[in-house]
Amino acid sequence: MIPFIVTAFVAFLFYLVLVVGSGSVLFWSWEEIIAGVIIGLVTGVIARKIFCRSENYRMLHPVRLISILIYICGPFLVELTKANLDVAYRVITGNVRPGIIRLHSGMKSDLALTMLAHSITLTPGTLSVDVDGKNHDLFIHVIHLDEGVEKKEAFEAGEIFSYMNIPAWIRRIAE
Amino acid sequence: MMRTKVAWFTLVVLAGSLLFAALSIPFGDPAMSDMDDYFIAHGQEQTGANNIVTSIVFDFRAFDTLGEACVLFTAVFGVSVLFRLRKKGEDYEYE
Amino acid sequence: MIADTIIFIFLIIGLLFNALGVLGLLRFPDVYTRLHASTKATTFGSIFLCLGVVVFAISQYLGTSDSQYLMVITHTIIAVFALAITNAAGSHAIARAAHRSGQKPDPVVVDKLTEAGL
Amino acid sequence: MIDNLPFLVVAITILLGLYTLLLKKDLIKIIMGISLIESGVNLFLITLGYRWDSIAPIFTGAPSLAMVMPTVQALTLTSIVIGVATLALLLSMVMIIYRYYRTTDVREVSKLQG
Amino acid sequence: MTDIFMIAALITAVIVFGALVRLILGPTNPDRVVAVDTINTLTVAVMILLGVVYQQYIFIDVAIVYALLSFVSTLYIAKHIGGEL
Amino acid sequence: MSDSLSKIIRTTADVMFLFITVFGFYIVLHGHLTPGGGFQGGAVIATGFILLIVAYKLEDFLGWFQKRTFQNCEMSGLVLFIGTALAAIPLGYLFFMNFLNGTGGLFGQAVPFGINPGFLNTAGTIPIMNIAVGIEVLGGLSIIILYMTTGIRSHEEGE
Amino acid sequence: MIEIIHILVLIGILITAALIVWQKNLVAAAVTFAAFSFLLSIEFYILQAPDVAIAEAAVGAGISTAIYLIAIRATHDQEVT
């Protein structure tokens, strides 16, 4: 019952975001709201087993939902800009020294692991290649390894980010 | 190889005619468009839909859509029949 | 007028990074480094092109208060989010598939994944 | 400036599809040729209905009232659905043929009997 | 005002050709998939910019469909290349 | 048919499936106002199901949705489409007549003529037919991919 | 200026269509078919047919490539000549 309600509510909110500006009831019209309720119910029936597959509802806490927005607009954007300047430098000079290293992620839930992997892929000169299913280690491809670093067996998650502590943010959001 | 020669001959003839046809049609200025002008002028008040394409698909020429739905149904039926027969031993059996 | 300047700067940034991404796609030696260039730089450039459109829509909405510009803002932001998530997941899938198909990174100093043997 | 370039592209696309259909030997490649011909015909229909300086036939928030021809777009929608349906059916038949004959060469398939 | 967006769309359409060169050259299949992914991203950007140029903002729906769905095609190709399909 | 794609892809597919489904319903329901309609929205939702098929194993997918569900979707969509067309005959109109337009009831609000922002509650039987065709295309395209994926499996077993 | 974009997209369609015929590897041909579908959809978009563009997007982005790859997986991925 709880998965159905959660899924239907998320679907209803997404539909309202899609049809914003259609009428007079605070940006929406009555027909769109009724249609949104119906679509939310139908989508809740279809997608309840998939959207709530992990059976944990800690993402519903409003503090986490607000902090995910702050995370995207703040630390993530800084790291994204820095990573792109780095890639631009590599493209122009052609100075690469790639390698695949192992990273201890330390994340317990799947959602946190996914957010970390996507952050790694989009941010600093790194690309997540594979994941070890047992202890949630990530294998990442780094475009430029410093001299001597490749002897190390495994990295900690905070070491590859330069300015912001992204893993701590993700742990605060999703665990 | 006779068939290859026939195929090449067909291709050359079709290429000539298609290129000639492509060069002789004016782009961006269709001549006969009475029906479309009628749909644009009266479609909104007759069907109430803002999207004229949808009003044609589902109102003015809805028989085309009926045929299309039947073609899709036939294709689904064909695919399901093709993959439902499985050979186990000698005879065919249903899944 | 401020909005015009912001839009201009955003579009310049977006075009610059798109061009750099495709240049990296052409220059880099193997598929993993090409993925670096294409995923990061192209996503960043497209996000900034879309942000230019968002700033344009906001300025138009403040000027005319026509409600269809609200729809432009939300739809463009949805497109940006979908683009970021699907690009990250897609590049991860391609990298994993390339490594599983036996295509090792060509200039490489260390390859822990082959040593792990997953 | 653009003159008849779209119609030329349509003609060349259809010719490439016909070349694949007539002279290639692989069944999947032949089906790709059929799909190319379908795409060319769709593009031809849409190009035929275009009018200069006109907008899409949708009244929601339209900037003007000069519109392109809507009937060809409706027919192209029908054509795309039928294209997907026939594509799925043809490729399923290729899979069945490969299961029984172990080849997708048209010469071998037409040579074998029963 | 919309001239700026038009010029941006034009330059992006030129950039697409760079990705097409990688599609032609690409020695292996993963390279081609990377090129197609790049083309898809640039296509979404071009569609949003052209929607503003035409002043028909309902056209942005097409870009959202692309951004949401091209993922599936990439996943299928990746699954086939990785030998898991 | 060994293991499937990695855990990251599966979690992403879980989240994206909801958004794809809601966006498909948006396209279907706004078919008479914005670009889109029954076929396009149905294809989008079917692509959402195909995303689940590719991200998970086939057994997992068949544990959530059965083949019979999609077959029933296809048939009920076709029946609803033809039924809407036939319902005009007892009311004294022609086959495929748009008998709900302008009556003031369901989908019957009078539409302003000319360029307007568009209202959801207009256009008579067109939204109902959109929904019917959307359900039909959803079921049809999903079941095609489902049967073809099953076909690979039986292909390998039959050797 | 929109005409230049139009011409570029048309030339892209020609290149990808020729590439589909020329590729010997069937997986590469299917990948190129996806790119062809993308460019065709921009062409529909420029020719003011957004309904057809959405249909081509929804079909070409997911379903068409999926069907091709399933068929290639069940048969073989090198073209016979």
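Every chain is named by a letter (A, B, C, D, E, F and G) in the order it is written, and numbering of its residues begins at 1.
Here is the rule we use: a residue touches a chain if its C-beta (ideal position, glycine included) is under 8 Å from a C-beta of that chain, and two chains touch if they have at least 3 such contacts.
All figures in this text were calculated on a predicted structure; none of them were measured in a lab.
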Next item on the list: Consider the two chain pairs D-G and D-E; indicate the one with the greater count of contacting C-beta pairs.
Entry: D-G
Note to self: Farthest chain from subunit A, going by the mean of C-alpha atoms per chain?
What the structure shows: B
Notebook entry, point to check: Just how far, in Å, is the C-alpha centre of subunit G from the one of subunit C?
Noted result: 22
Notebook entry, point to check: Cα centroid separation between subunit C and subunit D, in whole Å?
Noted result: 31
Notebook entry, point to check: In whole angstrom, what separates the CA-based centres of subunit A and subunit C?
Noted result: 15
Notebook entry, point to check: Which residue numbers or ranges of subunit B touch two or more of the other chains?
Noted result: 44, 50-51, 53-54, 57, 65, 72, 75-76, 79, 82-83
Margin query: For subunit E, give me the residues that contact two or more of the other chains.
Written below: 33, 35, 54, 57-59, 61-62, 64-65, 68-72, 75-79, 81-85
Next item on the list: Could you list which residues of subunit A touch at least two other chains?
Entry: 18-19, 22, 117-118, 128, 130
Check: Tell me, which parts of subunit E touch subunit D in their complex?
Finding: 54-59
Note to self: Under the stated contact criterion, what part of subunit D meets subunit F in this complex?
What the structure shows: 56, 58-62, 65, 77, 80-81, 84-85, 88, 91-92, 95, 99
Next item on the list: Spell out the residues on subunit E that touch subunit C in their complex, using ranges where they run on.
Entry: 1, 4-5, 8, 11-12, 15, 18-19, 21-22, 28, 30-31, 33-35, 37-38, 41-42, 44-45, 48-49, 52, 57, 60-61, 63-64, 67-68, 70-71, 74-75, 77-79, 81-84
Check: In their shared complex, at which residues does subunit D touch subunit E?
Finding: 55-56, 58, 60-63
Margin query: Quick check: in the complex, which residue numbers of subunit F touch subunit A?
Written below: 6-8, 10-12, 14-15, 17-19, 21-23, 25-26, 29-30, 52, 64, 117, 119-121
